[in-house]
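Please see the structure below; I have some questions.
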Amino acid sequence: MKIEKVLVETEDRNIKTFSLSFANGADKSDFNYVPGQFAELSVLGKGEAPFGMASSPTQEGCLEFTVNKAGLLTTALHNMEPGDIVGVRGPLGNGYPLEQLEGGNIVIIGGGFGFSTLRALTNFMLDDRNRGRFGDITVIYGARNPGLVLYKDELEEWGKRDDLSLYMTVDSANGDWNGRVGLIPNIVKEVAPSADNTYALVCGPPVMIRFTLPVLQELGFPSDKTLLSLEMRMKCGLGMCGRCNIGSKYVCADGPVFTLAELSKLPQEH
Amino acid sequence: MIAKIVRESDLINLLGEWLKEYELIAPVKRDNLVVFDRVDSAGEVLFNYSNTVKSAKELLLPQSETLFTYSSVDHSASIEAHFNDAAPKLLFGVRPCDAKSFLLLDKVFDGERYKDAYYLNRRANTLVVTIGCVKPRTTCFCTSVNGGPFSEDGSDLMLIDIGDAYVVKVTSDRGAGLLEGAELEDAGEDDLASMKRVIQDAEASMSPKLAIEGRQENLESIFDDPIWGPLTEKCLGCGVCTYLCPTCHCFDIIDEARDSQGERIRVWDSCQFSQFTLQASGFNPRLTNKERLRQRVMHKFSYFPKNYGLTGCVGCGRCIQECPVNLDIRDVLNDLLMESVIK
Amino acid sequence: MTNTSLKLKEADLAISDQIREAARRLLQQKEVELVIGFEQGTLPLRFTPCFIRNEEDVDRLVWNSFCSNNLAKYLIKRTEKVAVVAKACDVRAIVELIKENQISRDQVVIIGVPYSGMIDRRRIEAELEGKEILGVEEEGNNIILKGNGFTKVLDRNKYLCRCCEESTPANPVIYDILIGELVEEKVPCQSPEIAEFEAKSSDERWSYICAEISKCIRCYACRNACPFCYCQECFVDKTSPQWIGKTTNPSDTLIFHLTRALHVAGRCVGCGACERACPMGVDIRKLNSKLVGDVRELFGYEAGTSLEGVAPLATFKPDDPEGFMLNP
Amino acid sequence: MKNDTNGWEPKIIAFLCNWCSYAGADLAGVGRIQYPSSIRVIRVPCSGRINPSFILACLQHGADGVLVCGCHPGDCHYLTGNYSARRKFALLKGLLEYVGLEEGRVQFSWVSAAEGPRFADVVTNVTETIRALGPAKKLVKT
């Protein structure tokens, strides 16, 4: 696929969002995905690595990936420019269970870089064609500091909407940040969304997840309505190469989205 | 059951015939090692051996294979997929454990969700002629994992040495095709009786069975048990067990590039290596040899059976023979099962 | 699975008893939390590292010529007090690791076993053409092998580990507890095998090395068995820069072995753990022994023989040999 | 192309220490001393910076030869970098030739900032040796 646009998301320039268009138009109709799924991005000569789709399938003709510069491949990606070609192998994984979520209220809890597929889901739900299928939408999003907040313009737009409640927070503020300061688990406690007919969707760093889950439990979210999108080192994305399994489940092929109920039956090796 | 009798001279003739149509891969001696390799004449084939050092899996899943090559110019690239191994191959002289391992690999690479074209291509082009194990080694434990020295799983033909000849059992349609045109006598009553005796003797000589079939729940119940610590303490974290194993199939996908050209390569990897599950963030869910060896054991004896209904081990005993510190998987399993029962 | 018919020769039995006694006392008096030694393995020629924490397990400890693993590997970065049963090679590795700050001297109680002539099981197995050994006994200088329908008697001196065969020291350089008596020491010198190899033509040497390297399956058993390969991230795993490819390409594989040999140069004590660990029988020591010899000859350093002295590649002399240089 | 020894010119990677040898090369240039154009120079802070892996990587990626030059003993800008390098190089060169790499593919020499002519000599000498050996094949990755 062709890189159309590269947006630097964070002040430290370590996170960029890449908008890709299909170099071969025919692929467009074959690439049907749901929010929460991922794809293997590949740069020839460097290899491939998995990234969740940050765009919603309602944004036609384009795919977005938010990429944190960490290793060989991501560095190569960060050095690319509009017009460059990257390979996309996907969609892979299960994605968020849209049919199950339909009719319910949705609480989205995202921390840092893990927010990208939740952003995709939110945009999907906010689309005119879909908004009616979901109840109240609450988004709780946190970053380490204001400079690391992703999708700033879009969040500003969401903030103006009356069919979505947005709570943004940073772990520590600096300069002209007027929003909340505090760790996500505390903000969740503060916001205290009702668990009634509500799904909580969580994605973020392991430590955030560890402290958020008890809060959700306390608020009455049952484990089968608490969904997590997991991160593991993956390679093939097909459940073959053997590195991303948690117990008998492969995060790449059986996940990356699991309910807490499913996870509690698996070994705590993630 | 179709059973023919093959004398030594018949076998040389048969191999000669097969050589005309197939690339023949058979056990041969290289230095002091018995390995599978391509042979050009029947004379090179080794018949009298216990097993090869490496398993036969690399015929279907080579240690490294090019998936595609590419060349890129400016903003475009041309990619060419590689299916090099289309030549029909005949794998002669595998042991029943290795033949059975192909069925396990099929579960992974010919799965319900995804299929691996490279693997399937080779699989479809490979015929398997097995030689039953008249003299199992003490490290063999195939009978503990639903196999046996004469298990026919995964074989197209099965040869059983009855002393002065081989009884050849046809175990698949493709196997029957291999004997087409060959003028072979049917195995007589005496031959079949000898065969039966040979089989009984071999089976009787097997080490006592381990009680591991159907115990995946037991293993699961002791995932967090402290026993894993002492059990894995001497493990060096090398890849001998996984690389010699006929069923281990973990791999990595890497690119190798030179200037504007390069290739994407699939290469064996091992769950025993420290970097295997290391995430970009620096977090590693399997931090020490303990977690990594636990993964290997659990994968074979709990996860694999859970996902595919079959134990992910064929009991060939290679890991037992070659582990540099003699970490014997049978001991590990026995201790684990004991622990799970006590609990 | 333990092979129950263990019969040690008298001398080994005496050593084993002394080891047990020492271990029992150390654990009893809480001088150490852990004793690392050898126990009987699951196959006739195999004895295997064991970790004893309780007095009642002390009798598992044994000693004989098949206790070939280098236990120094298990001492790196340990935090508890530990005793280790160590033959000459192990102790030499321990010495070098102490100098590299990987082992703290006061944390380790060395139970030194003077011993000359560990046996290399692979050399014995090679002799048997694939026939399975079901039992082994030693009597004097004889190794008696028993299998299905055969008994074979071998002269143990022909099946020694190559490092024992060569003139590598046989006594523990340092120890806290000595088992038995010190044995006659040998003077280190260049191994005849290396001299023989060097006498070959360049092309002959190249084809030999290539043939050996072609057997390598990159399982890294050599690296992981080596007491000196303790890098947190091995150069083979690095991605930026990526030093070598991950396949069994001959160039990559050879460069892996060359680099590893260079990386342990001046540290390698020639114990041969790498070679014994290799399932494919790659002649890895061909590289290491060469460097051990060169380090001795060029820099006068014998790794692991003394707690004094600086590792040869961490120091220099102004008049180091430079005959290899162009117009020096 | 490389196999065609007619018209083949060796490709030699030269690691030159910044303080002495690179300056020596510069001096050779300024002094218009003729030497073969076979070398591709990589300037390094000190010969002690050279990891044997650099040299192996050059040979793997198709260099016909590798030359490392540093300050004469006693002249190192960092006092002892070249002494440490000398030990490493002695082992590396010995090992490479021991496994059968042609003698002369990998060479080391001292060249000071004042030794323009010596630098030219060294390069000429190394180039001729390697030209005589022909294209490198042994460690090249194919």
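By written order: A, B, C and D. Residues from 1 in each chain.
Assume a residue touches a chain if its C-beta (ideal position, glycine included) is under 8 Å from a C-beta of that chain, and two chains touch if they have at least 3 such contacts.
No experiment lies behind these values; they were computed from the predicted model shown.
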Both-way neighbours, i.e. chains that touch chain D and touch chain A: C
Inter-chain centre distance, chain C versus chain D - centres from mean C-alpha coordinates, in Å: 36
For chain B paired with chain C, centre-to-centre distance based on mean C-alpha positions, whole Å: 31
Intercentroid distance (Cα basis), chain D paired with chain B, Å: 48
Distance from the mean Cα position of chain C to that of chain A, given in whole angstrom: 51
Multi-chain contact residues (two or more partners), chain D: none
Chain A residues counted as touching two or more neighbouring chains: 71
Overlap residues in chain C, where contacts from two or more other chains coincide: 245, 249
Pairs of chains in contact (touch as defined earlier), listed by label: A-B, A-C, B-C, C-D
For the chain B and chain C complex, residues of the former touching the latter: 30-34, 48-50, 53-54, 63-64, 135, 137-139, 207, 230, 233-234, 236-240, 242-244, 252, 254, 256, 265, 267, 270, 273-275, 320-322, 324-328, 330-331, 334
Touching residues (chain side chain C, partner chain A) in the complex: 239-240, 242
Footprint of chain B on chain A - complex, ascending: 2, 42, 44-49, 68, 70-71, 74, 83-85, 205-206, 231-233, 235-236, 238-248, 253, 267-270
Chain C-facing residues of chain A, complex: 71-72, 75
Residue numbers on chain C that touch chain B, as the complex places them: 1-2, 41-43, 46-51, 69, 73-74, 126, 130, 132, 134, 148, 215, 217-221, 223-225, 233, 237, 245-249, 273, 276-277, 279-281
